[in-house]
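Each of the next two complexes has chain A plus one more chain, namely chain B in the first and chain C in the second.
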Partner chain A sequence: MAIDKATRQQMMVKGLERYKQEREYFNFITNLLAADPNEEIQLSKEVTEITVARYDEIIRCAEEDKPFIGGYFCAAPEVYAAMDLPWYLIMQTPFLAASAPYLLEDVDAAEAMGLGTDWCTACRLSLYYIEAGLSPPPTCMIGLLHPCDAATMLHQAVVRNDKWRDIPMFCTDPPYLEDQRGIDYFAGELRRMVTFLEEHTDRKLDIDRLREIIIESNKQYELWLEYAQLRRAKPCPQGWGMGGGQCFAVSQIFQVGQPRGTEWFRKLVDITERKVKAKQGIIANERIRYFWFDLLPFGWVFEFMPWLEEEWGAVLVMDMFGYTPYEPVDTRNEDTMFKGLAKRNLYQSPMVRQARGIADYFASDIARVVKDYDIDCVIWPGHMGHKDGSASVGIMREICQQLKVPYIHIGLDLFDRRYTSPEECKDKIGKFFSAMGLG
Partner chain B sequence: MLSGWFLHFRTLLSCPVSIFDSYIAKITEYVNKMKADGQLVREYRCKPEIRELLEGVPVRTGPAANQGIILRGDTFMELGNPEAGACAFLVWTDNPSLVSDGRITLIGPDIPESPGASLPFGQVLIVAGPSLTSQDHRSLENAQYIGGHIEGYMIRSVPQQMWSRVSKEAAAKGFRFESLGRALMSIYKTQIPSVSTMETLFITSSKGHLEPLEDMAIQVRQVFMKTLTEEWKAKGFDVYECSLGWDCQSCPDQVVCDDIKEIIDIKKVAFQENRDENEISHKDS
Partner chain C sequence: MESKLKSKVLQEFQQATSTLVNPALQSWKDQGGKVVGCYCSYVPEEVITAAGCVPFRIRGTGSTSTDLADTCLSSINCSFSRHSLDMALRGDYAFLDGATWVPTCDHVRRIYDHWRRRVDTPYLHLMALPKKVTDVQVQWYSEEVAMLRDSLAKHLGITISDAQLWDAIKLHNETRRLQKHLYELRKSDNPPITGAETLAVMVAGTAMPRSHYNQLLRQLLEELGSSNGHSDQRARILLIGGILDDPAYIEVIEEQGGLVVADSLCFGTRTMWELVDEQESDPVAALGRYYIQGRPQCPRMFGDQPKRSAFIKQMVKDFRVDGVISERLVMCDNWTGEQFMFAEDLKEAGIPYIRLDREYIMAGVGQLRTRVQAFLEMMGR
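Then we have the complex of A and B:
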């Protein structure tokens, strides 16, 4: 039976409660950062500011009954921007508010609900927020059937949720192989996504507007690429606190194809370039340059990443989200734009690129990063949800052996500190650095 | 023509033909066509011994030759920006007679002629060695991304794209495509001793001139990926597929999953106890 308007209204009120709390949390962080004149801190402040702006936008749409989307990443957000459709990442709480005090309680509540502890905590939490009515119900939803088992299960569960099952959902079907046929097919999927969005919202896609958005977004990727090269410098100008995560958030979530996002990238490049010229590293004595081949451990990031710098002089030079395999989307015509977006979202966006496959990306990306960034060791954190990557551990280990670069697989939960505690991780990493003669 | 006849002859004699031999013939045809079309084609012949290759190269070559990165403001010219066009690939053969050792071919303008330019860039490396096999392909492929091995020349870290910069300083010293070709041949012959002969082809004339090469590059990559898949399989890496219809109850590995869940439970209890103890001692103090 379809949800009536009053019930939807109640769902919205409840769904916005937590959402508004999170906005306040980011407002608080923004104000805190605003007090620090350091220009890198100001860059971080801008990221939290645009995060708050997105929260505001979604809240406004929800309260004024205007269309907005619940989405995932790597589904051509340039299209949403061109259609003027605000969207929120249904997974954003685990990523954005991972240091929030309620995270562990939420993990337990998800478990108490019967959600298995063997699927990715980020996906598990996302489903919990929907099941518990803590996410604002969108007008329609764009899901993703890749890169991992948990993402697929999440969408299967959402589509059957008794409150959300009336929310129309569309998932693009991703091909596995990397070839022209795959690109053509996925471009067709993105076109079907547009048809779906036009059907369920009052918005139409204007191709000229899409071109404008893509042209601006191409500028962002070009600047990001410039920035990524700057991290090759010795000493590395920035560490774990600035880089891939922010660049990804700006270009693929909060400022897709927007001039403000481009300006943010411009500042990032200018600041970093000055540091490179001045040979100024993130720490005074850079001893170990490591490649962190995953997301950061959002649930306990402040207890672990600074420790690597302070205790070992170990600098995160590159990570999975900071690596830039992007190329500009060809804006000559509609066909080239959709094919370019297909390529960007299938083969170039982080995690989807490696985890969906082809599996050899794990090997070839390591080979390239180790060489170009002069990496001393590769850390595969081995997040419990990244079973796709775990299946490729042998491939990664072998390529590292060929490259003669030390490799470690930790085995942890990026969001739940209880799986492998920060202390255990420190112990393991410390022994690894010592044994490899890096420390 | 000659190489086509040679391939045919080898096939008739049932000699093993390296998988990319036919592409070497196609590359030769491509260069000949460019000459016939009146394009500016320059050829340089270098003495192919490692110690002689670097003679006259005006920049340092070798590990850590390129100190640091080339910033925007220090760039003399750019090659292979995706908008200008780029294409790079490598073919190898176990038959050195198919390769003109030490030859560098340039189609289009050279570096000193292009200050401030962003030129299309094609780079084709042809390497040979009697002991080369498909297992060498990855290391041959990786070697073309030279990291910091050539002073004043930086390839951007973007997979499957040959997008590079030449510094003003290197250009002022006289760095040109002949230097790049010599440096690349020296790097290959030093790093991969099984490479005995090598030649290079650079194209900077136009994006359109890269198109025939792009088709070849796609085919070469497909062949490489196929051999790579077989290689991983031979080493024991293969797709582990669930053939039980996702029925965990009948999966022989279910015990592993159950153990993991049990350990997680134990760790959570321990974490909670630890936290409670800390809170009590905190209150007491």
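Then we have the complex of A and C:
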């Protein structure tokens, strides 16, 4: 039975409560950063500013009963931008610093709800937020069936939820291997996604507008690549605090194909270039250049990442998000655009690129990064949700042995510091660095 | 629950379940026959049969440690993946002439990568199984079936004709019909066979030359016609879950008085409840449709959950089930999600339900006993 308008309105009011709190948090951070004239801090401030802008947009749509959708970075956000459809990630909260005050409480509440503790905490939390009515219900949703089982199950559970089951959802089906057949198939899935969005919102896709968006996003990716090259410098101009995560947030979430995002990239390249020319590293004495092959530990990032720099002179030169080989999308016609988007969103988007298909894909990424960035060691954090990655530790170790670069697998939860405490992680890493004669 | 059957055939099935290479398979090998492993029930075994080989469902039966696999995988990988890979690394799967995969889950899909690097099997093939169940995916998977057919034929230096494929489909459908007949018998008040015995029959079917198996199963069905049924159960149970190939697990449930009368398992109804459509014009298309739309699906298939749930509820009705037990291997995300959704669906339907976690190799029997007892008591049995 479809939910009535009044129920939907109630759901919206409740769902927006937490959402507005998060916006306020980012507002607060933006104001804080605004007081610091440092150029890089200003770049970070812009990222929090565009984050707030997205929050504002979703809140406005929700309150004015205008369409907004649930979507994903690796499901062609270029299309949502071209259709002028504001979107948010139902999985975003655990990844944002704004969730810090209640993250652990929420993890416990998810457990009490009966969501298995060995299920990715990001998925558990996201489902909990929906079950508990803490996410604003979108007009319709694009779900995700990759890169992991947990995401596949999360989206099925969302569709099944008694309140959200009226919200139509479309998921693109990800082909497993990288080849032309896979590209053609995924391009077809993206076209079907467009049909779905047109059916469930009042928007139509204008191909010329899509071209404009793609042309602009091509510029962003070109600049991102330029920036990624700059990070090869010794000492590395930036560490964990600036890089892949922000580039990803700008180009694939908050400023997809928007000139403001391109301008942000220009500034990033400009600032970084100057630092490289001046041989200015993120820390004064860079002793270890490490490759962090995963997401950052969002739930306890400030307790851990700075320690690596301060205690060990260890600089995160590259992470899983920072160096995927983006190619420009060919904008000649509709067909080339959809195929280009298929390739970009499936084979080039971070995480989906490394975790989706056969092991050769991530193996080649490790080899590329280790060589290109003169890496001293590879750290595989081993998030408890990343079962495919944890099923790959033997292959990662083997590749690192071939590359003659030390490798460590920690085993942690990116969100819940109680799984492996920051202290335990520090201890493990410290012993590893010492044993390998690093630092 | 005491076994009432003194059947030689059943014993043969039980023996096949408790080991990897059973006598029938050994004699097939001795005659020069080839065996191709399948890591998941989504591999279209009919293609392997049509190629003149025996499809063999890969298990971890008999494994006692995961020392070798632990150099490849980690402790957050499910124990089935660790035990089965360990056996392969130890050479226990040297009898295979080939092995085939689909990217079932995050654990099994990486076994393919390790196997490729570390195990010397003459033929390996990975099929890209989609995660949705619309006609587009039927088309995609039909192409995958055709690719398996071509690649296996090329490897063996043969051709696999449509006629051979149809013969294989008919042979496998015959297995399905016989197995379904066995299940039908369990609808009675006094089922002639226990859940544990049934699982042995089902597992054996994935490890023997198919015609031989069908012949044995026919014999068993005849024997069952004249056997006394079980009437001392406290409750009739439906068992659902992922990979479960060890009858001892069900024995523990049945010892407490919960007679397992039906299931949704991938060594159970999911592989045989429906038939491949023999009226289709193209055997490849028939297989594509069967695996993506025709049979009861696994949790990994998006868009199908309401159907899966309806299937469970229908089984509850048809088999007059008192309660549903759902088993999951620790670390299995697919079944975590599925168990959660079933919990909600069955609660809405007022059907008693319990979720159990387990390891692939039987452990924690005491705890299992206690949980099952508590469940039966909760149902007032």
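Assorted remarks:
In this text, the second predicted complex is superposed on the first by the 437 of 439 C-alpha atoms of A that agree within 3 Å, B and C clash if a C-alpha of one lies under 4 Å from a C-alpha of the other, contacts with A are read in each partner's own complex, and residues count from 1 in each chain.
Criterion: a residue touches a chain if its C-beta (ideal position, glycine included) is under 8 Å from a C-beta of that chain, and two chains touch if they have at least 3 such contacts.
Everything numeric here is computed off the predicted structure, so don't read it as measured data.
When both complexes are superposed on chain A, chain B and chain C clash.
Look at A:388: by the touch rule set out above, it reaches chain C but stays clear of chain B.
Using the contact criterion defined above for the overlaid structures, shared-chain residue A:235 touches neither chain B nor chain C, since it reaches no partner. In the superposed pair of complexes, A:157 makes contact with chain C only, with no contact to chain B. Looking at the shared chain after the overlay, A:15 reaches neither chain B nor chain C.
In the superposed model, A:136 lies in contact with neither chain B nor chain C.
Within the superposed three-chain model, A:118 lies in touch with chain B and with chain C [touch as defined at top]. Once the two complexes are laid over each other on the shared chain, residue contacts for A:273 go to chain B alone; chain C is not touched.
When both complexes are overlaid on chain A, the residue A:372 reaches chain B alone and has no touch with chain C. When the two complexes are overlaid on their common chain A, residue A:225 makes contact with chain B while staying clear of chain C. In the overlay built on chain A, none of the stretches 112-120, 238-246 or 274-282 of chain B clash with chain C except 238-246.
Common to the chain B and chain C contact sets on chain A are residues 116, 118, 358-360, 391, 394-395, 398.
The residues of chain A lying in touch with chain C in their complex are 114-116, 118-120, 123, 127, 143, 145-146, 148-150, 152-157, 159-160, 162, 171, 173-177, 181-182, 185, 188-189, 192, 358-360, 382, 384-388, 390-395, 398, 409, 411. Residues 108, 116-118, 178-180, 225-226, 228-230, 232-234, 273, 276-277, 323-328, 358-360, 364-365, 367-369, 371-374, 391, 394-395, 398, 402, 417-419, 421 of chain A touch chain B in their complex. On the chain B side of its complex with chain A, the touching residues are 68-69, 71-72, 82-83, 138-139, 142, 145, 147-148, 154-161, 218, 222, 225, 228, 232, 235-237, 240, 257, 260-261, 264, 267-268, 271.
Interface of chain C with chain A (complex): residues 71-77, 81, 103, 105-107, 109-114, 117, 126, 128-132, 136-137, 140, 143, 299-300, 302-303, 305-306, 328, 330-331, 333-334, 336-341, 343-345, 355, 357.
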